[in-house]
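The structure is given below, and queries will be raised subsequently.
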Amino acid sequence: MEQLQKLSEAIINGDAKAARELTREALNHRVDPKVIVKDYLIPAMDEVGKRFECNEFFVPELLIAARAMKGSLELINPILASRGDKPAGRVVIGTVKGDLHDIGKNLVASMLEGAGFEIIDLGVDVSPETFVNSIKEKQPTFLALSALLTTTMPSMKHTIDALKEAGIRDNVKVLVGGAPVSSRYAEEIGADGYSDSASGAVGLVRSLMT
Amino acid sequence: MTENRIAIESLDQFIFGRCPSPVVCGKGVEIGNGRVIPEINFTLPTMEINTSTWSDIRNQYRSMIQSVMKRAIELSVPSLLVEFETLPPMTHNFEWAREIIEILSEELHNSHASSGIKCALRVTPNDTREFVRPPLLRQGKYWDEMMYFFENAAAAGADLLAIESTGGKEVCDEALVNADLQMVIFSLGVLGCRDMEFLWNHIVDACNRTNIIPSGDSACAFGNTAMTLADQRMIPKVFAAVVRAATIPRSLVAYEAGAVGPSKDCAYEGPYMKAIRGIPISMEGRTSACAHLSPLGNIAQAVCDCWSNESVSNVRLLSAFAPVVSMEQLAYDCRLMNTSLEKSPAEAYLFRDWLVQSDAFIDPQAFILHPEVVLRISRRIMSRSQFYDRTVEAVRAALDELSEAATDGMLSLTVQEARWLDRLKDIADKIPDTENQMVENVIHNAETLKFIPEEYGLAI
Amino acid sequence: MTENRIAIESLDQFIFGRCPSPVVCGKGVEIGNGRVIPEINFTLPTMEINTSTWSDIRNQYRSMIQSVMKRAIELSVPSLLVEFETLPPMTHNFEWAREIIEILSEELHNSHASSGIKCALRVTPNDTREFVRPPLLRQGKYWDEMMYFFENAAAAGADLLAIESTGGKEVCDEALVNADLQMVIFSLGVLGCRDMEFLWNHIVDACNRTNIIPSGDSACAFGNTAMTLADQRMIPKVFAAVVRAATIPRSLVAYEAGAVGPSKDCAYEGPYMKAIRGIPISMEGRTSACAHLSPLGNIAQAVCDCWSNESVSNVRLLSAFAPVVSMEQLAYDCRLMNTSLEKSPAEAYLFRDWLVQSDAFIDPQAFILHPEVVLRISRRIMSRSQFYDRTVEAVRAALDELSEAATDGMLSLTVQEARWLDRLKDIADKIPDTENQMVENVIHNAETLKFIPEEYGLAI
Amino acid sequence: MEQLQKLSEAIINGDAKAARELTREALNHRVDPKVIVKDYLIPAMDEVGKRFECNEFFVPELLIAARAMKGSLELINPILASRGDKPAGRVVIGTVKGDLHDIGKNLVASMLEGAGFEIIDLGVDVSPETFVNSIKEKQPTFLALSALLTTTMPSMKHTIDALKEAGIRDNVKVLVGGAPVSSRYAEEIGADGYSDSASGAVGLVRSLMT
């Protein structure tokens, strides 16, 4: 278990190489992959999140850790899948039609990925139809929409309307965010959740998982 | 490349309202000739832009400009600049932009005719080239649209043109969230500068042909993105401060290509443009808190020639619609600066110094705008003549200034910030010495980095 | 009645951030003791107040105070005042007010505990007595509600109490739109002063019993109504300026009854309170353009001790919700004033003088706030000892000052304004010499004028 | 007709006594009261309005003129009524529930009165029911609502809703105004008109008369 403690540390320090090595070793020693995830990887990312909240870490440190985590998961997930274990939630994400801003969207994607979610990033300037098709095809648990302009915010509503029209609104939880968006607006257009920061998005998604 | 001398040699030539090369434009507006003037911006509230909302949109712009000009006249504002920053659909379809430009220009004409107020219209289309990813920067539909816009804005009634161009942004975005200084330098010092040169030669050419003033460009997509991320505590402030420095050579390219100012309001690299090129600059600070928060509320004002609200959406506040509120705030700020200018230069310097001292030592991003720091870093940048070399020099000079100020205890940094400052210095030491080397290191990664070398005149 | 000496004798004691009698309150806040502090206000957006919206209302106040304090801390604001001005239903039903006061007070406590920021909560109920017409000022349901509020605010968590009382307003409203100077004097110098004396004796008594600071009152319903009407060109500006002067003796009554300041932000008679009584004052100017436009944007700042945004509704702007935007603007304004104060008194005086000179000669309402004018009119007011006599003196002194400044060409007036100034002087000459005479002239008209003499201690 | 020219001047100068005297004289000389109103009184008030728009007059001067006009109309209206002529429109006006602000409302009332309209002023803090009852009883052409607080603006909507419920929404044109009100809000709540100033209200009402 000392080795596994080192795995946690490698994740926290963003040492992807060590994290991958230690994960491989643990799997070779037949440690239950679920235990690795639950007891070492996720607590490590929680610690990273905590340090970010306390202004000890910045996003770059958080992203390095997330990348290390992703590397470990690439070894673990196939095993879990082969055992028929359900992976953590799948998230389709994109910036809505007419809007090219992607830093916020990318950050949310990275953080969710670091938290173990599977991300399908549709990019920017994504039409409602594209979102609908992707949801039909990928069957995600979440759809995350981003907008940075007051004039593209209405595209969020159009996307939700398109989901309704396609009869798949209830198949997915819709999250919205971006500078001009507010919780009030999220409520107005019938979204399921809103976060005012990329770091808040992980907590939001987790809270909606239960 | 340009000569290496800088236009403003000493602090007592470096003040708000005055610059070595004033600009005259529109209906009698003089910028940088002894008086700070307001630059007012406004935009639509939450709404869609399409044919069914278009008549409402026209009405909103009409009522915004009317109410803003009414208040400006009531407050005896002698002279002002109005900026119309288009929304992307108006860059895609110039006919929409034309209608709004005509409305604004007509109302400015009416205000001028009825009250004598001096005014000019600056129009800023969007850089829509990144609507394709990776961006096509020198060809294609979006390039053509933008050029069409530049060719036709003057006829619609615009007096000045500007842009917030984005060449290199596709690489810089990732570099910012990763605090990757090397890639920041590549994106600004290689890609950004190259795109600026290509783009601004075209813009200046179009402006000269259509008789409109090529005003300036903003590294908003780089420097202000970094500032916003730092303000949300996502990236270190020292890093954001260094990114600001890295934008200087990039934005300078516009003026070397023939832009004459005023620089764009959101271009916080403006004081450097003024110091190096002597052009008038537009700045925004506490009065643009409606558009974005910042650690630069007062210091931004220190050497401005236009003072702006950046942008405000047309929502109702208790007193009036928000654009009118901005107009009033800008009017009073300018009155105050101009009162001190009219008294005596010595008094205006005092005012400038308070503006500086009230912010400069609280935040490294403000420190980088300290007029003394601006002059020192400007000299170091202009000691080099290549884009890339200047960018590396700007970064190193900024790091040196920050380290020294932190060591002296003048600038207070948190433990985390201080740690990052050291880390950035280590990285800066290892940055390739020449552009060629830098390009060689990076170019094989172009696909992963999502940029097209040819669009920057780089051969693979 | 009080002694006739004024507290500030000369210009070099008359500056922002310093006053003869500073106030200490809340968690370490010092007002008027060498530093200007922000006073931040906010209110609900368009919405109803009822049991079904109440939980949303609580959430909105919680999020407003949290986001405002977060930004204040990010901007290193050392000390600030938060004002909660209730909405009428919260004065009618103290339980609602209590919940909001508790939320605000709890959040201030948390901010102070986590960051050390000094803060205090000022609570201002509405003067609801005019909910019956003609108003019952000394009895009845509304009086009882108000008194209950005053008795219980401290226990809920308020540090200071204030009010914008309205005794005499029922007569003044009509007088304002008719530019009826005689009735303005009656409504303020007779009715207003009498009501203030009655009301403030009760308020100070309640405050002393419950250990909370009785801060001040504002003649908002009189002076600011006139200013708003003048701003819409409905009544002459010279008239509005004279109305402002007429409010001085009325507002003074609160401090003579035991209020200690800071005066209310919207009380533009504040500089007179500071000059005469030496109390600290809160003022608002360009940074309160979100609440009301004004011709006093800079000059209002000249001798302030707190600097306020008056009020802003919780609507979303491009950057953040409007209260956060106000907080940022106030923070930078205060930083700037305090930077000049820290340098040297001589420099701060320069800053004060620019603030004054940038506005004072453009609008008669600004001229009345010129510190030199304030000191001169204050002396004349305090040469009299009766409420009514002071009010008449204030009006005549203001008219003299305006005439002289207009004659000297210092103050520019339109032809229409100049004509009204002459007309007002003629009327002022004919105003009854004594309160008795004035009352006798008017009291038989009480019913038409819609006021109840007994409610002002006047026998018919 | 020279005398009637003097009547116009008396109105413009706000000389109520002279206006009344000149009106009485004209009526004695059997001048058609309709002609007095149409050719002398209303043009006089239009001139006053024009001077106000050009910043030559302030509201006090406007109110004095309106009062002089009202005095003349008091002599003329009974005659018109006895001939069965319809009087100019009737306006019910009030500040909505919860709101005590009345200066704006009073100004609008005075200006409309000066323009020849009959005003029924319900005062301040007026409930939707009171408005409904007044409209049933008085059958006005217009209902003018005023609000100065963001938290009492919704009372405007309630009042319009109450009219609908009472089935009398279409009997009356609803006008709204007050500092926080905007034309957008007026549209939202289904009002028929909005003015951003007291002086604008007269033009608005006239434009809706046709």
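As written, the chains take the letters A, B, C and D, and residue 1 is the first residue of each chain.
The rule is simple: a contact is a pair of C-beta atoms (placed from the backbone, for glycine too) under 8 Å apart; a residue touches a chain by one contact, two chains touch by 3 or more.
Please read all numbers here as calculations on a predicted model, not as lab measurements.
Set against the C-alpha centre of chain B, every other chain centre is closer than that of D.
If each chain is reduced to the centroid of its CA atoms, chain A and chain B end up 34 Å from each other.
One simple way to say how far apart two chains are is to compare their mean CA positions; for chain B and chain D this gives 51 Å.
The set of chain D residues that touch two or more partner chains comprises 150, 180, 185. In chain C, the residues that reach two or more other chains under the touch definition are 43, 313, 316, 318-319.
Taken pairwise by the contact criterion, the protein chains fit none of the simple patterns, being neither a path, a ring, a star nor fully connected.
Contacting chain pairs (ordered by label): A-B, A-C, B-C, B-D, C-D. Partner chain C is touched in their complex by these residues of chain D: 55-60, 63, 98, 100, 102-103, 106-107, 110, 123-125, 149-151, 153-154, 180, 185, 197-198. Residue ranges of chain A in contact with chain C, taken from their complex: 150, 179-180, 182, 184-185.
Residues of chain B touching chain C in their complex: 43, 71, 74-76, 231, 285-287, 289-293, 295, 297-298, 311-313, 315-320, 322, 324-325, 328-329, 331-333, 335-336, 338-340, 343, 347, 350-351, 354-355, 357-359, 362. The residues of chain C lying in touch with chain D in their complex are 43-49, 87-89, 130-131, 133, 173-174, 176-180, 225, 229, 232-236, 313, 414, 416, 420. Of all the residues in chain C, the ones that touch chain A in their complex are 316, 318-319, 321.
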